[in-house]
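A, B, C, D and E are the chain letters, set down in written order, and residue numbers restart from 1 in every chain.
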Amino acid sequence: MKVSYFPGCTLKNKAKDLDAYAYRSAEALGVTLEEIENWQCCGGVFTTSQDEVATKLSSVRALKYAADREQPLVTVCSACHNVIKQTNHAMQTNKEFSAKVNRYMANDGGYNGEAEVYHYLEMLRDLVGFDKVKEAVKNTLKGKKIAAYYGCLLLRPSKVMGMDDPENPVIMEDLIRALGAEAVIFARRNECCGAYTSVESPETAKRNASAIVENAKAAGAEMIITACPLCKYNLVKNGADIPVVYFTEILAEALGVKEDTDGK
Amino acid sequence: MQKITREQLLEKACALLASGEVSCVLGWGAGEFGYDVTPTVFKTAEELKEGFVFGDFCGVNFSKYLVSKTQKLEGKILVFLKPCDTYSFNQLLTEHRFDREKVYAVGIPCEGMADIAKVKAIAGEGIVSIEAKGEKLLVTTLYEDAPVEIDAKDVLAERCVNCKSKKHVAYDELLGEEGDVLDSARFDEVARLEAMTPDERFAFWQNELSKCIRCNACRDACPACTCEKCVFDNPNSGVENKSPANSFEEKMFHIIRAFHVAGRCTDCGECSRVCPQNIPLHLLNRKFIKDINEFYGEYQAGAEVGARAPLVNYTTEDLEPGEVFDRRGENA
Amino acid sequence: MENNKYLREEILRMSGVNTSKCMKCGKCSATCPAYDEMEYHPHQFVGMVEMGDIEPLLKSESLYKCLSCFACVERCPRGVEPAKVVEAVRLVAVRRQGANRMTANDVPETIEEDTPQQLLVSAFRKYTK
Amino acid sequence: MQVNEYKPLIVAFCCNWCSYAGADLAGNNRLAYPADVKIIRVPCSCRVNPMFILRAFQRGADGVIICGCHPGDCHYTSGNYYTRRRMAALFSMLDFLGIERARTRVEWVSAAEGAKFAATMNDFAEKVAALGENKRLEDLRCKK
Amino acid sequence: MQRVGVFVCWCGSNIAGTVDVQAVSEALKNEPGVVYSANYQYMCSQAGQEMIKAAVKEHRLTGIVVCSCSPRMHEATFRKTAAAAGLNPYMVEIANIREQCSWVHKDMMTGTEKAIILGKAAIAKVNLNAPLTPGESPVTKRALVIGGGIAGIQTALDIADAGFPVDIVEKQPTIGGKMAQLDKTFPTLDCAACILTPKMVDVAQNEKIRIFSYSEVTDVHGFVGNFDVKIKKKARYVKEDICTGCGACVEKCPMKKVPNEFNLGMDNRHAIYIPFAQAVPKVATIDPNACNMLKNGKCGVCAKVCAAGAIDYKQKDEIIEEKYGAIVVATGFNPISMDKFDEFAYSQSKDVITSLEFERLTNAAGPSAGKLLRPSDGKHPHTIVFVQCVGSRCAACAEKGKEYCSKICCMYTAKHAMLTRDKYPDTEVYVFYIDARTPGKNFDEFYRRAVEEYGVKYIKGMVGKVVPEGDKLKVQASDLIANKQLHIDADLVVLAAAIEPDKSARPLATMLTASMDTNDFFTEAHPKLRPVESPTAGVFLSGACQGPKDIPETVSQAGAAASKVIGLLAKDKLTGNPCVASSNELMCNGCSTCERVCPYGAITYIDKEFRMPDRTTKIRRVAVVNPAVCQGCGACTVACPSGAMDLNGFKNSQIMAEVDAICK
C-alpha cells in the first residue's frame, strides 16, 4: 500500500528521527510513505475564522496532491493532522470557503474535499489493522507500563477529527497493547499541555506539563508516549522525570527497525 | 440481436408444461406482421410451437397481465420476464395485485428491443417481414426488391437506449446470464427540459399533448395502472370522461395519471411504447422519479417487494413545496 | 457598557458562532486549562460578545493566553464553541494596523536550541497578521 | 374602482384544525384580505387531492393555496407531512409543464396565526394577480 | 335531488353590516335543489332555530344550509336543530359569511358577492350530502397497564378500585420500578420503600389485578375498546404459583458473582435471585446467562433444596393472549449512559457515581447497608461534589446528551446533599448547578433549607474535568459568581445523569401506532387539554414515558390516566365520529397504499369473494376501514389511486362540487 505523506516542519528539522521511525515502521508493515512533493508548512494552527483563506492553501495543495494520486494523506505530527483535516472538512462542508479557495487553485485544478486524511495512528488502526501490527512485533514491549498522552490537537474538535471518543480515547492504548506493553490510563491524557503558549506564558506550559506527568506517574506509568512533537518538547522541557517519547519510537523499537540499518 | 433464442424459451416452456409445473404459458404470440406481437396464453406444446415468437419486437411487459390471468386461469402460469419487467412484477407484488404462488417466473436476458417507428423511418412503409441477423435487421418491404439492412443499434427503443438495469430483481429461474443495474442517462432529457424557460417548456408540452387522441393505450398498457376501476372510467369520480372533449379530465388526464403512478412507476416505458401519437409520456413519469430521487433520496420502485413508496412516506425534515424551486435556478 | 453592534456582527460572522445559544453554565471556564492566566474567561468572551461589549476584550492580554486546545468547544453542552469566539476577537485585534503581537525581532530571545519549528510557526500564525 | 378590473379567483383549502381556525381568527381581528380568496374547509391538508387543485384551475381559478397545521402540529399527527411531499411533487410537475409557479402554494398557518393568514392571502393574491389570467392549463392541449 | 332550505343570518350587524343579507337569500333561492330561502337576525337564537324547524316541516326539507358564522362556532348547534326537526344532523352545511367574509371585507358589494358564492358552494355540497350515522363498537371491560413502576401501580390500583379488571405487564421479575431503588423522597424525606411497598402489596392482593412480571408485550392489534394483545411471559425456570419466596435456593446457589442490577452492579447476586426483599411477586427467578445448570447442565442445587419443588429447568417462554378495552403505557425512564461524559472520569474511577447509584449507596438495603462509603475503598468520603445537568440541556450533540431538562435532578440533588450533611456533618458538600429549578409545592423551601440550614455549598458553575489521582478526585470547576476557577480535592463525585425514556418504549409505540417525539417520549393527544391520552384512541399515558416527572406528578398523572380509562370502560358501547373513511370494495385494488399512510392503523385487508357478471366468483383482497379507529383525516383518500377510498362528510364529489361552485 502506498500513501501520500505530509511530514511537516518539525519532523524535517528538530525531530528527524521521528520521521525516520515512521518511514521504517511503515515499511515493516507494508506501507510506503510517499512524501508529497514540494509540501509547504501547514502553519501549525488551523485558524477557525471563516474569512481566513490564504493560510489554508498549503494544506489544500497537499490534499489535492493526495487526491490526484487517489491515495490517503497520512501525517505523523498531530498539529499537521489537525490543520489538514480541519481544512479538508471546511472544503467539504463550507461552500463559500471552498469557492474562495478554488479561485486560488485555478492553476492546480480544483479541489473539493475528495482526499481522505489519516493520522499515522489511524493508518495503523484502519488501513493496516492493530492485529497486523501485533503480528509484526519482533521485540515485544511486554512488562512496560506506558501511558498515552493525547493532548488537545489529536482528538478535538471531535466532530471534525472523528478519530476517537474525545473524552475516553482508546487508539493509542490499543497500539500500546498491540506492541505487548501495558496501557496506563490517566485522566489528564486529553488535557492541553499548554505548549502553544510557551512563547507567551511559559508558566502555563510548565504548570500544565507537570500536572500531566504527575497524573500519569500516579496512575503507574513508567513512560509516556505522545503523537505531537510540541507536547513531547514541552513535557521533556518542563522536567518530566520519566521518559517521554514519540509513539513512532516505541513502534519502531517493537518492530525491530529502530536502529538505522539501510542508511536512511 | 437477442442472445436468447426462441428455441431456448420454447424448450423451457414445453419442459415445464410437460412436467406439470405450469399449466399454461403467458408469452409473445405472432401477430399479423412480424413486428406486431400479441400477448397470448398458450396451453399446450402444440400451441406454443405454432404461435410462440421471440425476437426484437417482444417488448411487451407481461407483469400487468398476471393480475387478470392469475384470477382467471387454473394452475401455475409460466411467464418470461425481461430485466425491466421484473421491477413491474415486484411492484405489483408489493401492491398485492396477484398471487405469487400462481406464477412461475423465468428471467430472460434482454439486449434491448427495437422500435418499429424507427425501423419504418429508415426502411419505409409496407414492411412484410423483419429478420434478425447478428447485429443487423433485414427488412423486406413491398416496395423494395432486396431487403433493407439496418443496424439494430440504430432502431433501439428509447427506453432501451437508456436501459436502467440488466439485472432481474425477481424470478424463479434464470435463463442466460445475469446483468447489472446500469448507470443510464435516462434523466438527461428531463434535465434538458428543466433547463428551458417556462415558456419553452409550456410550448414543448402543449405541442406534445395536443397530439393526444385519448385512446387510453398508455393507461391500458401501464403495469402500474391495474385499478379495478380507473377514476377516468368512474362516473362518480368527478373526472370521468372518455371522449376527447374540451373538459376537465381531458386536459388533466396525463397529469393525474402521472401523479397516480408517481412513486409506483418503475419506468418500464410501456406508455411511450404504445402511444400511437409518439408522445414522450415517459418523461412525465421520469420527472416524478427524478424529483423523488432528488428530494427524498434514491428510490427505484419495484427493486424490492414491500418497499414503502416515497409519496406514502415522510420525514419530519422534508423540504417544503416552496423550496422545490428555491433549490434550482430561475429557469430550471 | 458599550454596545458595539458592528464589531459584534463581525466577530459572529468570522467565528461562525451563535453566542445566543449560550446558557451560561460555565463549563467552558470550568474546563479551561489557561483560566488562571486570563483576565476575561471563556464564558465572559461569549457573554460580552453577545452583549456587544467588545473593546475591553480587544485590549485584554487574555486574547493571547487561550491555548486553542478546544476543550471548551468539545465540552460545551450547547455547541457554542467559545474558542472560536476568542480567536475571532484576537484576529480583530491583530488585524489592526501595527498591532502584530510578535515580530521576527522577538524570535532570537524566545528561541532555544531545542525549540521545535512548530512552536514558532504557530505563534506567528496566532499572534500576527 | 373600475368595474372591469381583473380580479383573480383564488381557492384556499384550509385544514379544519389550524388554518381554518387561523382564518377565523383573522376575521375576529378584522384583518382584511381580498374577497377573491374563497376558502374550502377540509379536515386536514392531506385530504386535498391533486385532482381538486387541477379541477379548480380548469374551472377558472387563477391560484390555489393549501393551508395546514405547521409540520409537527398536525391534528392527525402526520397528515401535513404527506401533504408536503405530494404538493412538492405536484408543484414541481406543474412547473415542468410550464405552468407559472406562483399559482400554487402551500403555507402552514396555525390557529393562532390570524395575522399570518391575512398576510399570506394578501401576498398570494397580489402575486397571482400579477400573473394575470390563468390560460396555460386551459391551453395545454390546444396548440394553435 | 335534495330539498334544500337556506337560512341567512344577519348576526345583528356583524354580517348584515357588510353583506346584503336580503340579496344573498334572494340569489340563493334559484340554486339547484333550493326550495326555501330566508334570512333572520340571529339564526342561532331560539327563535332562529324554531324558524329552521318550522321550515323543515313546512317545506319537507332534506338539507339545510346556514349562512352564518364559522362552523367552528355553531355547526354543532344547527346539527342539533336539524336533529330536533327530524333530519339527519349531517345534512347541515354552514357557509361561513362572518369570519371569512363580512369581517374581513369592507365593501358591501364585494361582501355580498362573496357571501353568495360561499352559499352556492355550501348548497352544492349539501346536495351531495348523505345521512350519516355514527358507528358503534363494544368495549372489553379490562385494562392493560404496561410497566409496573409507581405510575403503572397507581393506575392499576385506581382502575381496579372502580371495579374493572387490570393486568400489569412488567419486564423485570418484580414490580416497583425505579421508585423501589430510591432511598428517601423529596421534599418530605419519607422513605420510598415505606410508601411504595404497601402499594405493591395492595396490587398483589387486589383480586382485580393480575401481574405478569418478567413479561413483555409482543403484539397489539385492534382498536379502542377492542385490543388484542399478546404477552410473552419469559421463562423464569421457577413455577410462580408454587414458589413461596423462602429464599433457600438463593442461599445455596453456588453462582454468586453475578452483578446485581438492582444495586446497579455495585454488588453481586446469585444466579437464582429475588431482586429485593419486598419484591412482588416474591418468587425466585433464574438468570439463564449465569446459571450453570441451564448453561451446561451441571449443578441443580436449587432444585434439590426447594422444598416446594418449584424449580423447573425445562420451563419455556409462554405467550398469553388477552383482550383489553384500554391500554395504559407506563414504561418509565432510565438514566442515560455516562460513556460519552468521560471528562467526569466515570469510567476511570469507582468513586465517580451517578445519582441513582448514590441512592443505592445511602439506602439501608443497598450494597453498603445504608452507610455512605466510597465504592473504591469503603472509606467514608469527606468531600463530595455533586454535578448537575450531566447530559441534560445538552444541545451540542444528540449522541451525547438530551436537549431537554430532566426536571427531577435539582430536587434529588438537594435531597442527597441535605441528607449527607444531616447524617455526616463532617462532610463538605458542593453542588455545581446551572440553574436551580425548583418549582413545586415546598420545593424551593426544601432547596433553600439544604443551603441555609444544612450548609450545602451551592456553586453557580459547572465541573469541567475530574482527575482521579491517588485516592483523590481532583475536580476542576468554575464559580461564575466569584469569577474563579476552583480546584477541589474530592472523595466522591456524584453525577446527576439525564433521564431518557426506557428503550422498550419505541418498539411499543410502533405496536400501538402511538406517536412519539424525537426524544422517544410518547406524545399526548393535546399538550394542554388531553395530557394523559395518546392521539391513538384507547391508549393512555402514565408517568415518565410521556416526559420527565417526579413522583407526585407521576402519581397524579397515573390517577388521571386511570380516570380516563374508567370513563372508557364504563361505557358499554362506543359511538364514533361518522365522518370517517370508507372503501368502495368494488373499486378497491387491495394494494395496501392507504394502509401505509393511515396514522391510526385503522385500515386492514380481507379476502372477499365477488360474484362476477359471468356467474363465476373471484376472490379479491380489499381494504376495510374500522370506523371506531379512523379519525377522518383523509390521508388515505388521496393515496388511493382508484378513488375507492372516500371520506364521509368530505367526499371527493362534495369537495369537487364546492370547487365548481366557487369557480363557476
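To be clear about the criterion, contacts are C-beta pairs under 8 Å (C-beta built on N, C-alpha and C of every residue); 3 or more make two chains touch, one makes a residue touch a chain.
Just so we're clear, the structure is a prediction, and the values are computed from it rather than from any experiment.
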Graph distance between subunit B and subunit D, where chains that touch are linked: 1
Chain whose Cα centroid lies nearest the overall Cα centroid: E
Chain pair with the higher count of C-beta pairs in contact (C-E, D-E): D-E
Distance from subunit C to subunit B - Cα centre to Cα centre, in angstrom: 64
Inter-chain centre distance, subunit A versus subunit E - centres from mean C-alpha coordinates, in Å: 50
Centroid distance [mean C-alpha coordinates] between subunit D and subunit A, Å: 58
Subunit A and subunit B, separation of their C-alpha mean positions in angstrom: 57
Touching two or more other chains - residue numbers and ranges from subunit C: 71
Touching two or more other chains - residue numbers and ranges from subunit B: 231, 238, 311-313, 316
Junction residues of subunit A, two or more chains touched: 167, 191
Set of all touching chain pairs, with the criterion as stated earlier: A-C, A-E, B-D, B-E, C-E, D-E
Residue ranges of subunit E touching subunit D (in the complex, touch as defined): 70-73, 96, 98-101, 103-107, 110-111, 113-114, 117-118, 121, 515, 523, 535, 579, 597, 599, 631-635, 637-639, 647, 650, 652, 655-656, 658-660, 662-664
Of all residues in subunit E, those that touch subunit A in their complex: 339-343, 345, 347-348, 397, 465-470
Sites on subunit C touched by subunit E in the complex: 21, 23-32, 35-36, 41, 43-44, 71, 75-79
Of all residues in subunit B, those that touch subunit E in their complex: 71, 94-97, 226-231, 234, 236-238, 260-261, 264, 308-309, 311-313, 316
Residue ranges of subunit A touching subunit E (in the complex, touch as defined): 159, 165, 167-168, 185, 187-188, 191, 214-215, 218-219
